[in-house]
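Below are two complexes that have chain A in common, paired first with chain B and then with chain C.
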Partner chain A sequence: MAGTTPLPARRRRRFDGVALLLVCLVLWQAVASWTNGIAVSPPLVALAYLADLMGQGSFWGHVGATFAAFLMAFVLSAVLGLLLGLVLGVWRFAGEVWEPILAGFYTIPKVTLYPVVLLIAGLGMSAKVAFGVMHGMVPITLLTLASIRNLSPTLLRTARVLRLPPSRIIAWILVPSCLPDITAGLRIGFSLSLLGVLIGEMFSSQRGLGFLLVSGMAQHNVPLTTAIVLLIVVLAIAANTLMLRYLKF
Partner chain B sequence: MRGVVRHYAGPPLVHALGPIDLELARGAFFAVVGPSGCGKSTLMDVLCGLAKPTSGSVRFEGKELHGEVPDGIGVVFQEDSSLAWLSVRQNIAFGLRLSWLPKREVQDRVEHAIGFMGLSQFAGHYPAQLSGGMRQRVCIARTLVLRPRLILLDEPFGALDQQTRLLMGDELLRLWRETGATVLLITHALDEAAMLSDRVGVMSARPGRFIDVVETGWPRDRDSRVVSDPHFGELTARLWSSLRPESMKTLGRVA
Partner chain C sequence: MNRGRAVFLVRLALLVGAVVVLEVLCRNGVIDSLAILPPSEMFDAMIERVGSGDLNEGMAQTFSTIGIAFVLALALGTLAGAVLHRVPRLRAVLDPLLASYYSVPTFIFYPLLVAIFALGKTPLVILGMMSATPAVVISTLSGLDGVPPVLLKLARSQRLGRLRTLCWIVLPQALPRLFSGFKLALSYALIGVIAGEFLLSGTGLGYAISFAYQSFDNRAMYGAMLFVLLIAVTANGLLYGWEARLSRRRSRQ
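== the complex of A and B ==
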């Protein structure tokens, strides 16, 4: 769709984006000045600190650790969530039983379960990934389940009238008609598994962006925490924008 | 070859239908009217093989159906069953996706069906851009490309306005004449049944049985203008006098 947008509209949208960015920077600067840099560093200081960090090899190790954990957590969330959602959506009875249980589990603040996760999974990578999956999988499951359950019965009858075998019903009817809901689920799962991984790193890890953030807090290194927050925010927004652009139906 | 459909259905938990005995000659246009909830849609499910009869049997072209839709039967549902993610042309071609026909033949059939249903200008549109009547035409065209020998329509015009319904009825008649297919139309509209079909079966309140079968006596070459024929009024009146006590029963049961 982006390619067909007329030029003035596109220029306008770019203007809107720049305006929003400027407002954010002004607010940021205002908060920094108001708190004398104790809560957040001003934009220029944070950017300079971030540039300095990027010159250090150890920083990229932290970024890599977070990225690896997040990638694993998201892929696991997506695969498990889609499979479970498919099974529970198709097998109606199981779906009715499990949907309230999953939704109930999801209202628990999962941080409270973190000690348990830590003791089971151990310190380090596996705990981070497990925590990311705990956050990301359930919404993907629930949205997939709901979307399959809401599949129009008429379409299924049409498939039977056309004598489509089950594999074709899934590929030609189920997947295309559920795709919008499923991508919405994946987008939510994406941000939540990132959240889970970062929280995991903040509590129990010696590596990763979450760990840097917490150590910045502990040492009262405000430019460090501000720079890390900036990096995470920029990456998350960029990923979300990309997904919105390419996965929109 | 003679297309024969025969069927008896006994009681499941809810006794929805029957016993019913029905035989359709090849090339006939048969309409079924009945009070709401009398099992018309159940009848159709059983006829096309989507549902098995509790007892009795359904035969199509001499072969008994076993819970699946046989080759040669096309079905059009009451609800819109167009596929939102495909264009009109792709929707119509969807009916043939599983077939082993040569590409050329598939294309020819699809283009013919598009033209026949008056969808040429909309072939590249998506269902969301079309009116309800247009979408129903897409579904009919999708059935048409299969070249069915028996077409079952379950209240296909139920969601359309009266004028569109009359015109769609004309197109259905044209389709019936030009394809030579057997047509079974389920409807709640007495005028639709009286105007379109050779024979009309009137169903009773649940459990649905045929209480009357009316021969309309229209010539094969007819269209919606038969409504101005005095005979049309007589037919509709006769259908209603058979149906009225049954409809009252249904209402009484609900109230």
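== the complex of A and C ==
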């Protein structure tokens, strides 16, 4: 590139992005060749296997199971997290009492609690959903709480001076000023509830992508494991990129 | 100060109250004792397991794995952060990757890591590093970004060498953000390693829990679980307190 006229910044960025993708593919191929495909399948094999899987009905059953559990976990996390965050943000004393407890819960290895969830909820959908909510709800609560607590007092005083009714305060002040933090919380909650559901499926389950991942390893079906990992990585990154791009306020 | 004490007392009362309620519900049979043990028995079981020494080997494995993963993550993460800070083009390429890194559940790579390196310490160390390193990279970048250009200009006008600029100007400015990255890195390494042991491994505290679960030994399971959770809460609490003390000292200056 040196010596030629500088490419426009946008084209250069696209070039760099493609280069990054190529580097990742080359690394992947290198790992696959280095292990002779015993541990990781090369990109083309994994893609072909994935395309093959997509033609099978049973595969979509697993995708559906994961998707249903994840959707339920995320919606529950969002609703409960927003409500709890709102209450704790408005009621300051309770917020100060609960924040360190929630933050502590956020940093413990919650996997160790999964047997308890299983003992209470039994094997199946509800355990996965509960575990997803345990992961996803806390960050949504914490960020909602913080954004409400950091609301500028000037705005609230202005609202009082203008005698705005509570509905207007919520619509004109609370929502617009808290939205950026809340969407950040929802984004983290999205990823973590997916993580919770997948770990639940990996540990003990008969259905779902997490189960396929572990069963692929147990049966030494390397292309299956690699294809599922590829699918989850691409989906997670795509969802996150979309949210980053379109949920900006 | 009075309000702070009230908050603390209410929090303590809530936690103690929750334990007491759980104990009473379990003892009365409202909660099935096959599902949840009364807290007092969990505590007994923990003392028993730790005292009997059958967790010793697992503890040694888990703590050394977490330690190695944490130290490697700090070294690699700060290095990568510093390099990315110096090379804006590379940073522009990798920024979207860093932004969505934590949206990918790292654990899904664990079966592949086990297949590559075989069961043992190596895949666990790498899993812990994969969870922890990006947090260090991100915090290093934000710490370096936060150094005011005026101070760098001052360093230049005083003709400070590289080392002195680093020690006297950059590090003191960047330290708080670096530290919060280190704190995250420790809890991520801990979560990654214990989750890996839990899902698939032959040693360690995480394995002790899942083994006890799979052999229907609830007492042993709750004992080990309580121990792991207490360790995690203590480690995080210590770092949290240390960070709070650091930031208080800075704001006093």
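By our rule, the second predicted complex is superposed on the first by the 236 of 249 C-alpha atoms of A that agree within 3 Å, B and C clash if a C-alpha of one lies under 4 Å from a C-alpha of the other, contacts with A are read in each partner's own complex, and residues count from 1 in each chain.
We adopt the following convention: a contact is a pair of C-beta atoms (placed from the backbone, for glycine too) under 8 Å apart; a residue touches a chain by one contact, two chains touch by 3 or more.
A quick note: this is a predicted structure, and the numbers were derived from the prediction, not measured.
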item	value
Joint occupancy of chain A by chain B and chain C, clash or fit	fit
Which superposed partner A:229 touches (first chain B, second chain C, both, neither)	second
Touched partner set for A:70, first chain B, second chain C, both or neither	neither
Which of chain B and chain C A:211 touches, first, second, both or neither	neither
Which of chain B and chain C A:194 touches, first, second, both or neither	second
Superposition-derived angle with apex at the Cα centre of chain A and sides reaching chain B and chain C, degrees in steps of 10	90
Touched partner set for A:59, first chain B, second chain C, both or neither	neither
Per-residue contact with chain A, leading partner among chain C and chain B	C
First (chain B), second (chain C), both or neither touched by A:131	neither
Contacts of A:49 with chain B and chain C, given as first, second, both or neither	neither
Per-pair minimum CA distance [chain C against chain B, superposed on A] in Å	15
Overlap of chain C and chain B interfaces on chain A (superposed complexes)	none
Residue ranges of chain A touching chain C (in the complex, touch as defined)	13, 16-17, 19-20, 31, 35, 38-40, 93, 96-98, 100-101, 103-104, 107-116, 118-120, 187-188, 190-191, 194-195, 198-199, 202-203, 210, 213-214, 216-217, 222, 225-226, 228-229, 232-233, 236-237, 239-241, 244
Complex contacts: residues of chain C adjacent to chain A	6-7, 10-11, 14-15, 34-36, 89, 92-94, 96-97, 99-100, 102-105, 107-109, 111-112, 114-116, 187, 190-191, 194-195, 198-200, 206, 209-210, 213, 218, 221, 225, 228-229, 232-233, 236-237, 240
Contact footprint of chain A on chain B as seen in their complex	48, 50, 68-69, 71, 73-75, 77, 79-81, 83-85, 94-95, 97-98, 146
Residues of chain A that touch chain B when the two form their complex	152, 154-155, 157-158, 160-164, 168, 172-173, 176-177, 179, 249
